[in-house]
């Protein structure tokens, strides 16, 4: 369904002679199957949004694809996001939709919500105006929104409703692939649960694939089939959700899981020491090595490849020890 | 499409008029009412006598509504006038002596009306022994009383009694449409004030001007239009949409002369083109301000002026210079300027160390030499002709004498800066009005430069609309402005001289009545004025007294006369010919003067005019 | 400072062009201090000479060299325009920021004054002030008057920027870090207001120059001091356009246009440099 | 609802305060003016005739009485407000006794007609070009037109007008250069009159458009270039919404809202006339009236025009403030 | 016992709505609680968004005046803090920590400016060395040093570090109370822990009371001594953390409690599936 190969996307900036290159996505390869929910987790600023933007073909300068490819497979036809731009443009919303980070603010503040549906979806559906309206209304009802919201302006709706609306907007054409960046951040827990159920439900009904990003591990736990863990622009671990939670292979993942608090448990949790890596000047070798409790000399000089291990893949020279620790 | 809707271009004379603030107003007798120079005064009003400012001797005098010249009793306390017969108002009512009496009585009864004040001051009573005779009984002897009814620019116009009688308050009556006593009547006007159209009366013969004509005037319509800014005026004339321009800068005139020479007529057939108005732009000094009360200082400042540069700078050479304190126009040339040449040439000034003869009778030739490169053959070489163009002569610039005079007055020189006797630097603020009288502003800048170069720092102060008030209130040091105005066509100087009497001089800060803006006070002057009051208007002694005044003014130099106010008023000859000129000065000092009516009835249609479409 | 200049010159073509243009005009204007003749001296040269090798920009009908007239005129006009702009910016910034930050009664008070000033029509007020002041109406007084009339709309813009900054967390944080109101306004908010200041400064400058020209054309100006308006005034007095003395008006206007374009390019490129957004990307945030 | 009523009352109060302060300030400045209408009239009447100083004295006091200029400044101030509240600015001093109001009313239709039309054209064109230039940044044609607008922006109104006057009045004389309509044409809804109005209005309107377009252009362009990076625009682009729709509905529409305030303000300013343009083309509007009033020291007239202008700007700002929540769905009153 | 902070029946209403549809919103209703001066504690406020948490915090900080009710800090009404001097005095005892560490520091100002300004103003220090010393001391408490921070901008540090600096800055005046409004909601799980651990330390070593506002029930449970749960402006439940969160009684608290997804794929996905079926 989606094949990302050797993808490198950097923020290349040149302001008044100051050249900077932020390697936000550095050599990422992954594949996503039909009817699968793939979650991407990681530290703040580790490049999650950059990765997903690159996959969605939603990059604007200074973010540039340096190497690699992103290919979708819609109904047997392969579509290379960066090589076939017109086809890509035509596929948007029909086959592929995108929920941006901060999607509470993506609706045009001075137009009623219904116009957004019309602008984005009408041309793909091949319906008459009346049918289209009916379809949108029933779709909204299905995701628990009163169709009257169509006559509202975005600011008249609460954050949770807007979040739902953008999900509704992203799913109304029933695309085969949905890309979502932090679809539940900034929602309180009660609403968050509804939205997650909604996403899951839509996905099940349409059988689409979803790739989404969040740093909230409980969200991954709730809906993802597989998880990829990103650290400093690289995919460091990937595997079925349950396995990643229960048997993390990479020291960073292990630490992440261990630091999750639970109600009823007040045992002291230790935070990761050190400082997040600077993507403009990443550490040599394994990028996690300055903060890694297991680091050895090899980690400082050689970059570990992402290799299959157990049910998933991991990039660590000392993957074996992690399990043991 | 016609240029003017519904009016054939070749029957209309288009004159530059003012923008009327209050276009609906045609009451000439109430103040501030509206425009008067839009034809209302020139084409519909009439009074007893007219003087042609360009004329000389008897030819300058016209009996209009009066059948004859005024007749005074011996002590000038009574004036009797006989009126013409057969003159009718445009609404068919006959003009009679009652109208004249009504005019005087009504204005005395309404202090706000235009001529109310002079009537109140002068008139005891008016009698009408019969319908053609009016007798004015005066409060005090006044040999010039008739001048209130004598048009130079304007005068007390006669009111239509039968109209005003029906009006509650003559001060708020708009007189719209006006009833005409002259050859034209109102045809239509723009409520926005941009134009007024007047039409020849069907019964034009039944007017004072019509009675003198043998043929019907060819100008059927007179259009006064506000043709916009000076550039627009020039363009409009070159597009033949404006026959008569009232006033433009010399350069505008030169442009027309260059680009539209074939279709334009001027006062002079070539350079300097301009018509000299009988007014006298001068450098005014405030005699109530130190050190301008010192005649040596005034003379020194006069001698620092290089009049050739002033002529070039203000008028590009097209200036008619005046050394005497009366405008060098009309009859003044033969009455005063020419007879006094010899006196001027021999006039001596004592500089404190020596005496000099400052007068230079050759300035006309010198200016001719300066403008010759540009105008070539248009500049004659005959000195008499040159004097007619550029004036009789002026004071020679004499910096040494000026310095001596200043030293004589107690001034000292510190480097290139003159110090006053009290040790402070001598600086001058030279006030000009600015935009409204551009040539005078120009003259101001060049004189300021000359004084500054000689060590008297002079800045030009543009007073704009406050100019009149500041002059009147004595709120200035030195200024460039009109001082003396005369009849032009008559040697009598009472026109301005009366107001120079020391009785009327106000203390500093208070408003001074017009004319004697310099507040010049001199017993000898008072004597001349008093003597003039007791001689008749046409008495030959008038000229003698005039000369006395002029000599006194040279000696005292109360203000520095510069030149006549030259007005550039080109005439488009595409549709009309026969405009007045220096060679045939039958009328029209300037197109906004009331005299214009004599020009309008004299114009002839150009047979080569483009046919009306 | 020097480094910023170097950076801008080297890496920003717009700045480079703007800089060169502005500098050229500035130097040209500066040159009037070395003019061969006093700038209000008239009729010392032959009048009406078209541009030639001797008189590059021709001479005026008043016998002045257009080149040197322009030089002082631009200097004086620039001085006037910049004074108005700077004064009015100071006012706009002070009122806008104080009003936006303090809010409440202060805001209401300042905005009422502001709205009153907005409603005052410029030209009649200026002309009336001109009459009141008369010969005391030197150019600094005129600049002050114009500045008093020219700040109000921009103060509103600045106020709205400050208003949005007021509720930012860093402002609240600054309060609890004990920073005083001036410290907060100057250190914390001013950088965000700078782009507005620069942007409005350009329009204000043009407005000020236009005002000077308008007053001159209407005949209200100090004719002893050459300015762009003054040149137009005198050209007008001599009907230069009709008489074909086009160089008297054309060259000064071209200079004004170039000056404006230069300053505009400078403003947008400096704006980009000081704009917090691009400054942050430059710093690597 | 009570909150809104409170807001309305407060806003109303501010509105009247603005007018009160503005007009009072104008009154003060006007009355400080040293130009004395009596002196102006006296000098008008005496400058061309023989003048007996005694009569001038008489004339002066008669005029002072006639113009109602006696009394202290405070008296005059109070009676001025009394009159203003009745919609009367008193008699014009230079066109005595015509009321100032009727002079203004005579000039106002011209000014409003010309300026409103020119403003609407300027505003639409400037904003359209500015928005296009801000959105399609690389379009050469737009860049060129942008450069032209920028180069025109600093040229003083007077020069633009003068060049137009020369071009269309002289070099290629196709348009009338002076006045508001053809002479001697009956005003009315006739083809000829309207045609003539349009012909006469063309050059002044063109001047106003060329003069005014720059600032709209510049501000719109910068507004748009900020908006194009907003999330909702980026998102619409990602959603495959076609670019003309994005331009009109997502970019221009949002950027226009702040420009409406400017439009309202300019509409309010219309009542003050366009001094230079009217002066140059001799257009019979308020601006020309004002200048004449100033030249003639007619301060009732100047004050009348100024007051009208202050009130109309205040009203325009007030109306746009009240309407803004209806125009811009985001705005909530605090 | 002497009270550090007392809230007595505090209410706050807002006028909201547009042009024609205005109404009153009761953001905070009848809130009362007391913090003990002698016994420092971590007092947590939880609740869904819009439940009035921030409004309460703002009232405690004196940034907002209550519509009714009183707030007293160390016996003195917060509303009575008027003069600049009183205000400074108050601020030196009560300090805030904000939600977003990147937002709380102006990106164009160096971080030390905040620290120095606090030291100068509240400690009245003039001498450069004394300022440095006070600052460094505070930074040491959060595991940093002035050397690491001096001259740096917010973008040069991680969110966790920034939040620590924010805490250090708040510590400089020697406050009795720190009000932290959602201090961890913008950071990842690991950073979250480092900050809440710090709170615990401050309470234990410096005796600072902390009002911790969050909607993250897991961390609330992890560090709180006492908890109140707010819902639509009301305090629906209050008490010791283990009791309120471990065993909630109020209906809303229970709903909230059950909505918390555990970091366990088996349980979490089951909850979602359950939810799905319910729709």
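Of note:
A, B, C, D and E label the chains in the order they appear, each numbered from 1.
Criterion: a contact is a pair of C-beta atoms (placed from the backbone, for glycine too) under 8 Å apart; a residue touches a chain by one contact, two chains touch by 3 or more.
Keep in mind that this is a model prediction, so the values were computed, not measured.
Shared contact partners of chain B and chain C, listed by label, are D. Counting C-beta pairs in contact, the chain pair with the largest number is B-D. Measuring from the averaged C-alpha position of chain A to that of chain E gives a distance of 30 Å.
We define each chain's centre as the mean of its Cα atoms; on that basis chain B and chain D are separated by 39 Å. Centre-to-centre separation of chain C and chain E, using mean CA positions: 48 Å.
Centroid to centroid, with C-alpha atoms defining each point, chain A and chain B lie 92 Å apart. Residues of chain D in contact with two or more other chains: 34-35, 162, 166, 279, 294. Multi-chain contact residues of chain C, defined as those touching 2 or more other chains: 131, 134, 218, 241-242, 284. The set of chain A residues that touch two or more partner chains is empty. Every residue of chain B that touches chain C in the complex is listed here, in rising order: 230-231, 234-235, 248-249, 251-252, 254-255, 309, 312-313, 316, 429, 434-436, 438, 441-442, 445-446, 449, 459-466. On the chain C side of its complex with chain D, the touching residues are 108, 111-113, 115-116, 118-121, 123-125, 127-129, 131-132, 134, 153, 199, 202-203, 206, 209-210, 213-214, 217-218, 228-229, 232, 241-242, 249, 253, 256-257, 259-261, 264. By the touch criterion given at the top, residues 56, 58, 60, 89-90, 92-93, 97-98, 100, 102-103, 105-111, 115, 119-120, 153, 155-156 of chain A touch chain D in their complex.
By the touch rule above, chain C contacts chain E in their complex via residues 168-170, 172-179, 183, 187-188, 191, 276, 279-280, 283-285.
Across the complex, chain C is touched by residues 14, 17-19, 21-22, 25-26, 29-30, 32-35, 150-151, 153-159, 162, 166, 214-215, 218-219, 222, 265, 268-269, 272, 275-276, 279, 290-291, 294, 302, 305-306, 309-311, 313-314, 317 of chain D.
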